[in-house]
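Have a look at these structures, which come just after this line.
In the two complexes below, subunit A is the common chain; its partner is subunit B in one and subunit C in the other.
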Partner chain A sequence: MNLWRKLACVILLVVVCASVAANWLAPAGYARQYREATNAAPSRSHWLGTDEIGRDRFARVLYGTRISLLLAPAAALLSTLMAALIGGLAGYLGGVWARLAMAITDLFLSLPWLFLLITARALMPLNVSPLVSVLVTFLLLGLLGWTAAARVLCTTAGALRSADFVRQARAAGVPGQRLFWIHVMPNLKPVLYAQFWISIPVFILSEANLGILGLGVAEPMPSWGSLLKELEGLLSLGDEPWKLVPLILLVLVVMSFQLLLSRHDEVAA
Partner chain B sequence: MKGWESMRPQMAGTYGKALANIVICLGFLTAQVAAQAGGQLNFCLRTEPKTFDPLKVEDESSAAIRYLTGGVLVRVNRQTQELEPELARSWKVSKDGRQITFRLRPGLSFSDGTPFSAGDVAYTVQQLMDPALHSATGDAFRSGAGNVETKVISATQISITFPASVAGLDRLFDQVAILSERSTKKEMAVLGPFMLADYKPGATVLLKRNPNYWKTDVQGRKLPYLDSIRLDIQANRDVEMLRFKRGELDLINSLDSEYFDKLAATSPQLVHDAGPSLDSEQLWFNEVAKAPLPAYKKNWFRSANFRRAISEAINRDDLSRVIFHGHAQPALGPFSPANKFWFNGKLKPQTYDPDAALKALESDGFRLENGALKDKDGNEVVFSIITNAGSKTRERMAVLIQADLQKIGIHVNVVTLDFPSLIERMTQSFDYEAIILGLTNVDLDPNGEMNVWLSSSENHQWNPQQKAPETAWEAEIDRLMRAQATSTDPKRRKEAFDRVQEIAVEQEPFIFLINKNALSAVSMAVHGAAPVILSPQSFWNADRLTVAKK
Partner chain C sequence: MRIRIAGHALALVATVLLGGLLSATLVRLAPGFEVDEQELDPHLSAESVHALRAVRRQENNIFHFYLSYMNRAAHGDLGTSLALGQPVRSLLRDRAPLTLRLLILGLGLAWVAALTMALTAAWLKFAAYDLLTTFVSGTFLCIPAAVLALLSVLWNVPGSLAIALIVFPRIYRFTRNLLAKSYSLPHIITARAKGLGEARILFWHVVPGVAPQLLAVAGVSVSIAVGAAIPVEALCGLAGVGQLAWQAALARDLPLLINITILVTLVTLLANSGADVIGHMVRGGQES
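Entry: the complex of A and B
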């Protein structure tokens, strides 16, 4: 394990442990409002200051990390698996199957998702707990986010189908299913990894934006998305640099995951 | 008085010197205005103007353009709230409130050179009252069935007769920009200080000085001083603030309290807090009988005791202090104290007392069990508050109210929705429990709120379009609102509307939360600005503003 991987391991360990230990590290919780100390700068009692309504930023970052770190990769995993299955299989089978799968993908891409999400919100009851709201949000993101990745995987799998080693295996009598799982899928891993890592920050930010449809993580529960949304109103980075902590954390975590889990030869071009 | 007495000898002793100073100062000011005349004022409109037809105005941006370009017969002075003559030298309202007669200024011309006469006023009124136009401005004049009659007595005199008496008739003409009957370019021929010169959809509206504008300053100098006004269409308030800080914009007409404080910290001379405005923020519960809500929730929401308890459990001082950084006042009732004449001064501030709120609920059979409030049938008191996504202040208000109500065991889910979805739930499906929204009030007269308080009205939000008033207090409000609308006696009208305000506070169909202060920012380059609480706050005297050359 090289130095960078060790560093990534330490960062992830610290972040995960801190978020798991949020109840002990920030016992007041993410929802308590210190109304006499709103928008406060970092201090001993509030390590990252307080937000506009006096909630402890440190507590909100910890609890937000717990939610986003668990659910954004889960949604990214779901969308990547769907993309691998649909795009990879279509590319491997080729011909009519590839055309059919890509037609479905195109149809999916052309759907007016904004209106569909508004409909989804209309179908959901208003009185859902913040926890249900967050689960539904990430499930929707996972189910909708596979299309672009599927196109990439279809093309890559298509190229692999005519690769020499696949032809050789086929000529040696390797059955189709085994060929796909043993010879094609492992070679799709670099693309899959890349799609997975790209999806995590996209989903975290999408979750924040879905708030305008009433679908995001409901108040008072925090998420990285809702914390990053606060940066919208930041006029100058120099004034309140501690507000950048969620952004720095997001970058660090995504980079650490990438360093830790991807081999050099798996990094997609 | 003490101050006056101590100053008097000093003034007497230096009278001659002071007079000389005044003369010098006047001379200096005149020279300053002359030096600064011309220039372009730049500021932002938050939305695309929906129309340039002054009779069809409904949105804020179109109203701003109408204010800057339209000539009106009479104008409410935004500073004094008094009605002042403009194109009309004088006017007289008949005792029955049905007829108004204007005497017009002679010798005026529209921006395209066509002369202004009583015929133009008659033409404008006929256009305004045409039912096919669906003019919101015209709706304010519709007090009864029948046609409006206009009689041109002479080129400078006209009488307008309405089928029924219209309360506050003369003040309604503040919104009526006069059109030219003879001009071929109707919307381009204006009598206001500026005229439309260029419009790039989604980008800018350019207004240029009307060369035929009739007003002059005390020195006889032609107004307006400015050459032009450039209005950039910019919805993003962060960008607007950055551009103002960079000097690209000369003013921000309506500033959020957060930005106000940030700007005040570095440049206190640029920000203006004119005090409580007419705008209010309120919370209300769905009381619609056919709403798709469980019966027990409808019972809660239709109970005045429940609504009063919720109101008592909300800390309005904190809303004002935390959310608006002190640039808002806890609301006392339907009208803001800023409305000097119509506000009922006897209304008492709502006290914040969660214990009293809980006791009131307990008297209705509610009980607190393990930190959760339950009604007499054991249903846990849980409801959602929806508000429009993108409004940081309303989202934060909802979160503060969520925490306040948690103290008496009520669990609130805060939901933000895009505005069309919210309006659909509010006006069509009635699929909501509680809403936080704000009212932007531009009309000082209670007639402007007829559409809110009449139980048959579409905008009677908590329970709209009732065929007959469903409660005794709503019937009483209907009676009082109609009484004030048909009376021409200001004292009687005031008494009736005072009672409406009292009933509204007793019953709390709207839980009035705060009245926002009118906040604005004006660059040091702009001279003559005196921001006020009435819209348009910082450019109400645009014809007398000057901008130092950049």
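Entry: the complex of A and C
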């Protein structure tokens, strides 16, 4: 493991630990309002100041990080599993199934990712409870994010279908279902692993974009997207630099995920 | 070549029609489709409300809904925006030029920056320069598109530059990897061993080899730029199609969303198909 990857591991570990320990580290809950100190600058009681309705920004950053870092991998897992099932199975079956699966992925891929997300999110109820909005946002990411991975997996599974060991197993009378789960799927693991790691930063960034556009996680629940929405009111970067902390944290985490991906993973993906 | 173009055209029409059907289905299944705000108007009589519901019932069948929409669209009627109360056709006509200008300028800037950086990195082969360009592009890759749009407002820079900054790292990363891979090919190593100059190797042997793949990226970059136009236009207050899509999403303006979906699908597919056909022509020319 090179120095950059070690550094990325350390950053991710620190951020994850801090977000998990939000209950102990944060001075109060993310929705608690200090009405006597709205829009306050950083102080000993509020390390990152407070927002316009007096909520502690440090607490919101910690809880928001927890939500984004917990649910982005969950959405990545969902999309990877869907890609494995749809792409892997279509590639393994080949013929009309592979062509059908590729036509569906082409249809999804022909639309820009953010546009697809915004359209799908608009069709979901917007006036839902904060918890439901979190689940809807990340569920959408997972449900719509499988297409590119499915394309890669379909090609890989298609190549495996004609591999010698699969042919031998088929000739030995191994049933199709067993062949797929025992012989083909384990060989898709490196691609699945790479797709999973690639999806996490993509989903974190997508949630942030949706949040800034007002189509993400609903208030008062914090997420990186809703925290970054605060930047809209910024008049200059130098005035209130503490408002940039969520952005710096997001960039650091996304960069760490990118660094963790080895060149081998990139090739596999 | 004609067969290839015909195949692309057929696939394009089929995908656009399928995309339209998919979005119509989503619209039909979306919560609240059966509800019409007009029914809440106290001035409407019971018969009028009944007539409105009868019209709605006709749209319950997805295929009927979609076919009647396509039939109207074929006659130039794209419907009326629910939120803005204007014909969708005139809304798109008014806003498309700005988006087109933004996309052309943004893509142009992104390609110039990415190609300049990738080619100089490949030519100079300075580890420090390579690290610097990778760091710069990597950093932009890690910043959400909407944040770049907000920063462009803050620093008063044009929206096209924000689009360029969103698209450029993706092009740069791919181009750099492509050039690096190309430099390790046997015929390039042989050319260097024979004493050919670096400029000649780059422009005569490396660039022509990667041109078809770069053309494929050009198609994809259009799709990325169209996606980037939404946050840029929405947050920079630019009245383009991207802002219209955002407004339609916030207001759940479904007729407008269907039309924009079809338009965006058409634009991205045209870009990808065009890039693919040109790439094929370039490859054909190189082989002959």
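Quick notes on this structure:
Operating definition for what follows: the second predicted complex is superposed on the first by the 154 of 269 C-alpha atoms of A that agree within 3 Å, B and C clash if a C-alpha of one lies under 4 Å from a C-alpha of the other, contacts with A are read in each partner's own complex, and residues count from 1 in each chain.
Keep this in mind: a contact is a pair of C-beta atoms (placed from the backbone, for glycine too) under 8 Å apart; a residue touches a chain by one contact, two chains touch by 3 or more.
Since the model is a prediction, treat every value here as computed from it, not as a measurement.
By the touch criterion stated above, A:E232 is placed in contact with subunit B and with subunit C alike. In the superposition on chain A, contact of A:P112 is made with subunit C only, not with subunit B. Between subunit B and subunit C, it is C that contacts the larger number of residues in subunit A. In the superposition on chain A, contact of A:T38 is made with subunit B only, not with subunit C. By the document's definition of touching, of the two partners only subunit B reaches A:G54; subunit C does not. Of the two partner chains placed around the shared chain by superposition, subunit B and subunit C are both touched by A:A122. Of the two partner chains placed around the shared chain by superposition, neither subunit B nor subunit C is touched by A:D164. In the overlay built on the shared chain, the residue A:L247 is in contact with subunit C alone; subunit B does not reach it. Common to the subunit B and subunit C interfaces on subunit A are residues 118, 121-122, 126, 212-214, 232, 235. Touching subunit A in their complex are the following residues of subunit B: 238, 241-242, 245, 258, 262, 318, 321-323, 382-384, 386, 389-390, 392, 395-396, 398-400, 402-403, 413-418, 421, 431-433.
In the complex of the two chains, the subunit A residues touching subunit C come out as 103, 106-107, 110-115, 118-126, 201, 205, 208-209, 212-215, 225, 228, 231-232, 234-237, 247, 250-251, 254-255, 258. Interface of subunit C with subunit A (complex): residues 11, 15, 18-19, 22-23, 26-27, 29-32, 138-139, 141-147, 150, 154, 223-224, 226-228, 230-231, 234-235, 245-246, 248-250, 252, 254, 257, 260-261, 264-265, 268-269, 272. Interface residues of subunit A, counted against subunit B in their complex, comprise 31, 33, 35, 38, 52-54, 118, 121-122, 126-130, 211-214, 216, 218-220, 232-233, 235.
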